[in-house]
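Consider the two complexes below, in which subunit A is the common component and subunit B and subunit C are the respective partners.
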Partner chain A sequence: MRLLPFDYAIRNLGRSPLRLAMSVAGSLLVVVLVITAAAFVRGLERSLMGSGSTRNVMLLGAGSEESVERSEISASVPGQAAATIAGIQEKMKTPFISPEVHAALAVSTSENKTANAQAMFRGVRPEAFLVHPQVRIVEGRMFHPGKDELIVGQLAATRLDLPRKRLGIGKDIWVDGRRWMIVGHFTAPHTVMNAEIWCSLTNLQIMTRRDSLSCVVMTLGQGEFADVDAFASKRLDLELIAMRETDYYRKLVDFYQPVGKLVWVTAMLVALGGIFGGLNTMYAAFASRIREIGMLQSIGFSRMAIVVSFVEESVVAASAGSVVALLVCMVWLDGLALRFSMGAFGMVLDAPTIAIGLAAGVLLGLIGSLPPAARCLRMPIAESLKAT
Partner chain B sequence: MNYVQHMKIAVTLMIASSLILGSCGQDSSSDVADSISDSKSATVSLPDGIFLNKAPEDTTPIPDLKMTAKEGDEVLIHVVIGGRVRPFVDNRSIMMVVQATMSNPCNISGDHCKTPWDYCCTPTQTLTNNLATVQIIDAQGQPLKVNLETASPLKPMSTLRVQGIVGPRPDKQTLVVNATGIYIENAP
Partner chain C sequence: MIAPRFVPFVLKQVIRHPLRTILTVGGVATAMFLFVAVQAMQRGVHAATVEEAEDTTLVVYREDRFCPFTSRLPQYYMDQIERIDGVRTVTPMKVVVNNCRTSLDVVTFRGVHVASFIEQHASQLRVIDGSTAQWEHRSDAALLGETLARRRGLNVGDRFDAAGVTSYVAGIVQSTEPQVENAAYVHLDFLQQATDRTLGIVTQFNVKVNEPSQLDAVAAAIDDLFHTAEAPTTTRSEKAFVSHVATDMIELIESTRWLGYGCLAAVLALVGNAIVLSAQDRIKEHAILQTLGYKGGLIGRLIISEAIVVTLMGGTVGSTVAMTIIHWTRLSMSADGLSIPIEANPFLFLVGLLIAAALGIVAGLVPAWQAMRRPIAHCFRAL
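After this line comes the complex of A and B, so read on.
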């Protein structure tokens, strides 16, 4: 089959700069929408899945597998686990066992103001940094136990809907009428911890009026998950359940799946509107070239060759829109922080997201050209040559 | 321009796209190789004769045993496998059991509970009082590295009579029975 030259399709694009601009703009908007939806879903999933380590096991209260904030376990569990479970990772005789309290608390920016937002607080000991190696203090210092000091994650300000400098080093926040000073900032990219506020375990227990823990997180070295599960199964007095940390966060991903699906459905519906708009533009563009189509057929080019040329035109225009959309999203969207119930997460523009956006652009070009091209080619050659 | 030249352009664009996509957004969450690995259980099997052909008699309720039993006592209990969503410990011959005479609200006709063996509708304290752990141990006193659910006819909600020796009792609520014989009364 003899095809039309590729540059023929490119030169035809320049025939009507306004129409070309509209095609590119239409494709740009649809692809921005698709990339936004993909970046949202990927960011949310990555933030939840990245929060769990495959080598970590959590001990939670029985019945609280879906929410660590509701879990309560005895403060003796860390010691009993360390004594009973073999194969826990150690460094310089310090076992990687982190007792933690997780609580969502209302935060106020001054003593007299009512609290306007909730943040996720995590009461920890220094072992938490062994068990959660994703967390690094990047500014300031660690809090001193026994003092009302905190360190805040990079996205904590987003979670509280405050400007970042409001949670700067040396600034104060009020929790339950008590003043706390921020002494450090930490980062834990692509995890829910990045939006948390960390303080001394004992201080948080006092603040929440409890002596129990929410969970114990441990890192296994040579040990197996089955050993931890066996410990939880035998010590019925402690009322524990053992879960891999990744399984805990995977359940949360499942919980938020309907949100992701809703985002996709919304994006697809709006994209469909964009496609129908693009179809209209293409119908008009091809309808004005019926005589040209007749001429091409009369000099020997097959209908398939003409369809391929039209598709090339449409795909190039849509792809140009996709590339511009990609650049816009890389500047504006990548890392953009959003709040959700568990904290905050950053939109993620990774390879799968980019691939989805580019594929959407190509598909748009394809779908936008085939029906109009097929319609225009239905006319017999003699009639198309006489068309005005 | 002919068909071959069109194909060359298409292939060039695809290679360029792959290079661009491959160089951006490297995903750092690839710690599959670093995951907790459990040792294989294929070569370990349950002891011969662990499953009995005849039902032993004179069982003792779990709440009574929790008050009186000492480490080393020989006991016989009448139980149902359950008490939590996953009553079997993966890769260990350990299972949770509940006193068989205790009613299970999840079993009421019309209740569409997907995991009725977890006794989720039973008050926690009542469940804990009627809960025990059964394990099959080796000569060294360690549970076998075998999953009871896949290596035996035992399933959640199976009703059993278990005879065995009471293990260490650090407190009144802990009751571990090292099984020497299991009779399956009825499977679900």
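After this line comes the complex of A and C, so read on.
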């Protein structure tokens, strides 16, 4: 099959600058929306899945598998687990067992201000840094147990809707009527911890008036999950459940799935609207070129070659819009921190997100051009040449 | 706008290019579907947060707490609150949710004193299945809001397991209150024992006052009373409480209004484009109409009427599909045990149609203006 030269399609694009601009703008808008939806869902999933380690096991209160904040377990569990479960990883005789309290608490920026934002607080001991190696203090120091000090994650300011400077080292925040000083900043990229505030376990227990823990997180060395599960099953008095940390966060991903679906459906509907508009424009654009089609057929180009040329035109215009959309998203979207639910996360513009956006653009060009091109080619050559 | 005798002419113009009309109607329907869905969410926020003159309910919550897991108030506060002037009834309530985070399928258990709950809410509740008598007599029985029951596919007699609580569905109720529609009401002591294994701790107190004008005074009196207590309180009207606690979720929903405006812009672009194409195809016809004595103004009005018909068709399809889906799925956004329902009603449908018609007029203005001002000779020469 003899194809029309590629530059024929490219030159045709310049015949109607307004139509070209509309096609590019339409695909730009649709691709920006598709990429935004993908970056939102990927960012949310990645922050949750990145929070769990395959070697970590959580001990939670039975019935609280969906939310660690609801869980309450005895403060004796870490000691009993260390004494009973074999194969927990150790470093210089310190077992990788982290007792933790998780609580969503309201924060205010001055003593007399009503708290109107809440952040996730995690009360921890130093062992927490062993079981959560993603967490690194990047500025300041660790809090001193017993003092009202805390360290804040990189996205905590986003979570609280405050400027980052407001959570600088040495600044104070008020929680539960008490003044707390920020002494350190930590980072835990692509995890939920990145938007958390950490303080001493005992201090958080005092503040929330509880002597129980939310969970115990342990890292397995030689041991297996079954060992921890057996411990939880045998100690009925403690009312525990053992969960792999990855399974816990996978459940959270499932919990957020309806929100993700809603975002995708919205993006798809916007794309559908774009396709309707694009088809309308293309039908009109190709219909005005029926004589040209007849001429091309009469000088020997096959119908398929003409369809390919038309599709090239449309796909090139849509791809140009997609590339611009991608550049816009790279500047505006990549890493953009979003406050959502009880935490915050960064939008993710990775290879799959980019591929989804570009594929949407190309598909838009294809779907927008194939039916109109096929329709125009149905006309016999003689009639095409006579068309006005 | 146009005489009735021109209506068949307009309709014929609309169906003359069926494919173009179908594509335009499809695009308008998609955009109006999204617009109505966004408006339904905004209405839900309004219904759940905007106070009305007759509101008489206060919510007493632990000071500086948003999440029901962290609001822990001693149940004995109830007696002290009841003694405050202006207080009619006090309902201690334990709230347990499967997750405090924001999503569309959150299950909220509310533990209440059954007898006093029935007494206070009888006028607002309509039992559509099962009975409140069965709910009263069975300790693990739950009374489900219709929205929750439909979303989870639950019927009377089913066992219901969520948030670590297993209960028996004794009845399904309808209510005008969004928070009741999306919750499972169980016995207070049952929920306390099923979750904390301890009695005497509740999440909040719902306080009814005698007169709406007493809300602020009673709220201040309650907070003063517990200012130095082991668990200080913050008391707000029920709707102010929702708007304060669910701020994140409300902000998220309110930000979707930009999507709604975007949809309206898309309708304008789609219909404007289609009408311009249609008017360009008919330059010769417009010349003939002018030759026959039709004034430019009438030609312009015919073009605008065509745009209105197209947008109304798309608006009707999009709004109807959106209303049907919203009605059947009964979605609601929830966070911290509070729900913002996605509400659709006939008023919203009418608003959708009116906006669609208005957009049709705006979209038709430019092509109509061009057609009106084009001299006959130019029209014939344009061919």
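Everything below uses one rule, namely that the second predicted complex is superposed on the first by the 388 of 388 C-alpha atoms of A that agree within 3 Å, B and C clash if a C-alpha of one lies under 4 Å from a C-alpha of the other, contacts with A are read in each partner's own complex, and residues count from 1 in each chain.
Keep this in mind: a residue touches a chain if its C-beta (ideal position, glycine included) is under 8 Å from a C-beta of that chain, and two chains touch if they have at least 3 such contacts.
What you see is a predicted model, and the numbers here were worked out from it, not measured in a lab.
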Next on the checklist: Between subunit B and subunit C, whom does A:311 touch in the aligned arrangement: first, second, both, or neither?
Outcome noted: neither
Checklist entry - First (subunit B), second (subunit C), both or neither: which does A:63 touch? => result both
Checklist entry - Does the superposition put A:49 against subunit B (first), subunit C (second), both, or neither? => result first
Checklist entry - Looking at the overlay, what does A:328 touch: subunit B (first), subunit C (second), both, or neither? => result neither
Item to check | Partner chain in contact with A:142 - subunit B first, subunit C second, else both or neither | outcome: neither
Checklist entry - Once the shared chain is lined up, is A:224 touching subunit B (first), subunit C (second), both, or neither of them? => result first
Checklist entry - For A:363, is the partner it touches subunit B (first), subunit C (second), both, or none of the two (neither)? => result neither
Item to check | Partner chain(s) touched by A:169 [first = subunit B, second = subunit C, both, neither] | outcome: neither
Checklist entry - For subunit A, what residues appear in both contact lists, the one with subunit B and the one with subunit C? => result 62-63, 65
Checklist outcome for this item: In the complex, the residues of subunit A that touch subunit B are 1-7, 46, 49-50, 53-55, 57, 62-63, 65, 190, 220, 224-227, 229-230, 233-237, 239, 241, 244, 308, 348-355, 358
Checklist outcome for this item: subunit A residues touching subunit C in their complex are 22, 62-67, 69-70, 72, 103-106, 108, 115-118, 175-177, 208-209, 252, 255-256, 258-259, 262, 266, 269-270, 272-273, 276-277, 279-281, 283-284, 339-342, 388
Next on the checklist: Could you list, by residue number, the parts of subunit C that touch subunit A in their complex?
Outcome noted: 19-20, 23-24, 26-27, 30-31, 33-34, 63-67, 69-70, 72, 96-105, 163-165, 195-196, 230-232, 244, 247-248, 252, 259, 262-263, 266, 269-270, 273-274, 277, 335, 383
Checklist entry - Quick one: in the complex, what on subunit B touches subunit A? => result 1-3, 5-6, 9, 17, 20-22, 24-29, 31-32, 34-39, 84-85, 89-92, 94, 96, 120, 124, 128, 131-133, 135, 143, 145, 167, 170-176
